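Two complexes follow with chain A in common, the first pairing it with chain B and the second with chain C.
On to the complex of A and B.
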């Protein structure tokens, strides 16, 4: 009896050891990033030779952060990213959920064809349409304060509007709505509720989980956008954080400042993730249930 | 079936119309444009009108020809040898430049060559860089898809145990997924650095200096492999979660029945877990393949396609031409080729994994 208990204990220790070792593999670059952001360049490079690279030791300060703010308009980049990400997520939730509502609950001519075309776009990787989309965006009209202008380059709208609706988000809402009891909708109709009332007062209050999923997925995609803003935003005023990174590679390269900038744009997202980790993981998992 | 209360053409179009319009405008239209533009000479800004040029973009990218040459012999028929003892062959240039007898080779460059007895076969291509990118992308997909899929499954099985604190490990394994690939790529430049890189220091420490330092990203033999390893590291948590959700759909009663029958761990994996994961496997494979074909940011941040084009990829080429050189038609043509590849491979994967009667 005692032997088997020991055996069990040993196996448990081995298991935890394996799990911990793997955890170190996944986390060490992030620890390195944060620790390095606190060190002067010379020490940062010297420390890579030992475990000191992962420890807050030596000459620790926030100097790199101040220097990063001096070198680039960091606050502007962060604000641009928040505007682009926030507006896109909000509009995406509204337009994708109303569309999915129409696809699932309303019977209208053309419904099935439109839905299957939208779902077919799931197999078109963004990278294959980026170049023609660049051409189209450079010519599109816009009605603004100074009348009709052509060309969307260097603006918020070019970073927002093309990404509001996508096949995956619509798919997630459609799957979720299909599991809601349709009798509920029909009963409300019979009692004279308008479609918009049903959407707002019955369906949306039940849709917490799918709204969270869609918002998290959109947030990750939008905040981490790189290729598209790289192509369409040359003006500093509209640059998001990932493209703002380029500032740190011009002229003299200061690794401490780069690490400070990376920490500033990454740690808030990681904190957000740790706070909501169940919802984050559930949102990725729900993309997998289509089978 | 549906009651008349649920019918409304007007509301249906009103609610789905905006989404349908946006998809049409920003996904379908550019997609159709990509196909049309690939048959033209469109540039982003050009003084000349756009012309229809047929298949010339595709021909430019994909033309390959072979040329087999015999060694140079002197008047007596003796083969000439270079100073280092290798056989000498006529210059490729004399065939690909201004040679009317070999007009179809005009403008081509040597891609690679191999010896065949005394003679040597040269594979020539009009666009060597693009074909290198194509091959690199295939290598990337063929390595990353199975390795990432398998490692993700291994992690999912490891995480799918009932142990105290297991959620902490799951949270950590998933962490790199929420970090931007741009940030990750920059961090890994430190790991791969030739002088003070963390990887070199680690290898040096565990081998007491026996393993020489390698400039992982600066060496054409290791650069692509280094980028593949990092890409696997970054996204493996994503697929772990998808595998996990598949694992959780398998009924525990099956495992109980297996345990009663005396199934070993391997048997219960082989006959219960794996069959139950079939749909998940197809999904994971298709998603990884699509993501791997689209590899761009890593290349852009870490190597810019170098050294010696060893990390060129299809999307990197599409962007470099379509955006960098403002050659919209060239970039579109590469995009269309990419789409055809992704589509045919996912159809092939579906066919391979189809339900057999």
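On to the complex of A and C.
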């Protein structure tokens, strides 16, 4: 009995040792980024040859952060990205889940064909449609405070609307909804619930894991947008963080400032992931979807 | 009564100012220098001065980060959303003019008669763009290195020959004091390759494309001279004089850290090199047989084809060509002012200034990259060929393949208007 307890304890120690090692390996780049952001360039480059790169040693200060704020409107870029990403994620969760709901629970003619077409868009890379999308976006009408105007360039909407609905997010919801007990839906129908009531009161409350997964995947895609905003945003006031990163790649690169900027723009991603982490892991465990 | 007079005066002044502001037509301008505080300061000053100097035009600036600028302009052109004034990298200008993104400048060309050749953006016999500065490349080293290795100090009149340059590399390697004898700057990909390395090919007598017709690269990129260049280029790496793959950090700080004896670098990095050692010297490009060559043409101002106010846009550009602004840019960025009179007004390029040698190098050795719309493709083909050769690819096969690729592109585009 005592031997068994020892074995169990040993296994536990080994398991935690391995997990700790893996965690350290994964966290090293982040630690390197943050530590480097605190060092002057000469020291930063010299430290890369040793473990000092991961330690807050030497001439430590926040100078790179102040310099980064001086070089570029960091707060504006982060705010733009949060607006674009946040609105897109929220709208995407709603529209993609309602679409998936219609595909899974409602019988209508052509349902399977339309779903197949939507899923087929998964194999079309964005780069192939970027130019046609640009040409369309540059001529679309919009009703705003100035009345009817044409052309969506230099706006939040041009960065949001084309990305609200996508095949992958609909697919995630469809797969998840298919696994929900059909008895629940049938019972609600018998009780006289409308489709929207079923969606809002029964399906959505059960969909926490897939909502978290879809939100995180969409968040990462939107937060990392580079090509599209580069094409459609010429005004600094609407630029997102990834285009802003280019402000730091001058001929003589200031590596410390780059690391400071990266540290600052990584914070929202980490916060969002940590907030949804539990549901995300539960979703992966139940659907096998990789993040 | 006194208060009433002051109030009336203020009101009249405000109305006059508002009327002036309303009378000014706005000119939009795109610039590649976002994130570069020094350039922004000078450019904003020029714009402020121009806007205040007359009542017809008001320039509004939109800055882009350099790495994203060309793609933004191309996307803007596709969407019909180009500004009135834009800046363009000199060798790219013919492509944008040919593609219909730009129109010729309406400025008095006598005003640029004293400009260095590089900043003048000529295409199809017309002036499409003009730069306030140029850039130059030199061999950066230390006088103490030259002395220890017992090397002759080359001059513009008597640059190192191929044998002397190779001898210098061998001496540096044999000394054992350096990680590598030569730092060509392999970490800087992109335009650096054709800008910095095609002059070496040209010094051998080859070129990226045949400039007599611009319709083929045959004989220029795969002739005897080009093959000799390719073999020499590969030898830099196989002989251990230089590294084919370089850490960007080494490019930035390797010379200052003593890793390299000689660094092939631009004048924009020269001030940093001067602060690294008190005996830093800038040597002219070697002459490999067909004359010493260095690249020319940096960023320049032009007018977009879409502009409804080309006269206003040209007026701004002409305004910006004043020596005082050329000098301001040079003092701020370290770049070479486009005129000798502006150079004399700068701290670095005036006679006896620490960087004056770069003005002389540009004047003596500058050669613009091929003036053709096809250059944007040819530059990428050239870059890949040189990277491949540096990494051990067969020289003849690589240059032949690059020649074929360039020729196919020229043919596909109907000769690019030549």
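The criterion applied here is as follows: the second predicted complex is superposed on the first by the 228 of 291 C-alpha atoms of A that agree within 3 Å, B and C clash if a C-alpha of one lies under 4 Å from a C-alpha of the other, contacts with A are read in each partner's own complex, and residues count from 1 in each chain.
The rule is simple: a contact is a pair of C-beta atoms (placed from the backbone, for glycine too) under 8 Å apart; a residue touches a chain by one contact, two chains touch by 3 or more.
In this text, all values refer to a predicted model and were calculated from it rather than measured experimentally.
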**OP:** Considering only the touch criterion stated at the top, classify A:59 as touching first (chain B), second (chain C), both, or neither.
**Re:** neither
Original post:
A:48 contacts which: chain B (first), chain C (second), both, neither?
Top reply: both
Original post:
Where does A:112 make contact in the superposed view: on chain B (first), on chain C (second), on both, or on neither?
Top reply: neither
Original post:
First (chain B), second (chain C), both or neither: which does A:102 touch?
Top reply: first
Original post:
A:131 contacts which: chain B (first), chain C (second), both, neither?
Top reply: both
Subject >> First, second, both or neither for A:71, with chain B first and chain C second >> reply: second
Original post:
Per the overlay, which chain contacts more chain A residues, chain B or chain C?
Top reply: B
Original post:
Counting only touches as set out at the top, which of chain B and chain C does A:231 meet: first, second, both, neither?
Top reply: both
Original post:
Which chain A residues contact chain B in one complex and chain C in the other?
Top reply: 45, 48, 131, 134-135, 138, 230-231, 255
Subject >> chain A-facing residues of chain C, complex >> reply: 30, 34-37, 62-68, 71-72, 75-76, 78-81, 248-249, 252-253, 266, 268-269, 272
Original post:
Can you name the residues of chain A that touch chain C in the complex?
Top reply: 41-42, 45, 48, 70-72, 131, 134-135, 137-138, 151, 153, 230-232, 234-236, 243-244, 246-253, 255
Original post:
Contact residues on chain B for chain A in the complex?
Top reply: 2-3, 5-16, 18-20, 22-23, 25-31, 33-34, 37, 42, 44, 155, 158, 161, 163, 166, 169-184, 186-188, 190-191, 193, 196-198, 201, 233, 237-238, 241-242, 244-246, 279-280, 282-284, 290, 293-294, 296-297, 300, 315, 318-319, 322-323, 328, 331-332, 335-336, 338-339, 342-343, 346
**OP:** Note which residues of chain A are touching chain B in the complex, please.
**Re:** 12, 15-16, 18-20, 22-23, 25-30, 32-33, 36, 45-46, 48-50, 53, 95-96, 98-99, 101-103, 105-111, 114, 117-118, 121, 123-136, 138, 161-167, 170, 182, 185-186, 189-190, 195, 199, 220, 223-224, 226-227, 230-231, 242, 245, 255, 258, 262, 265-266, 269-270, 273-274, 277, 280-281, 284-291
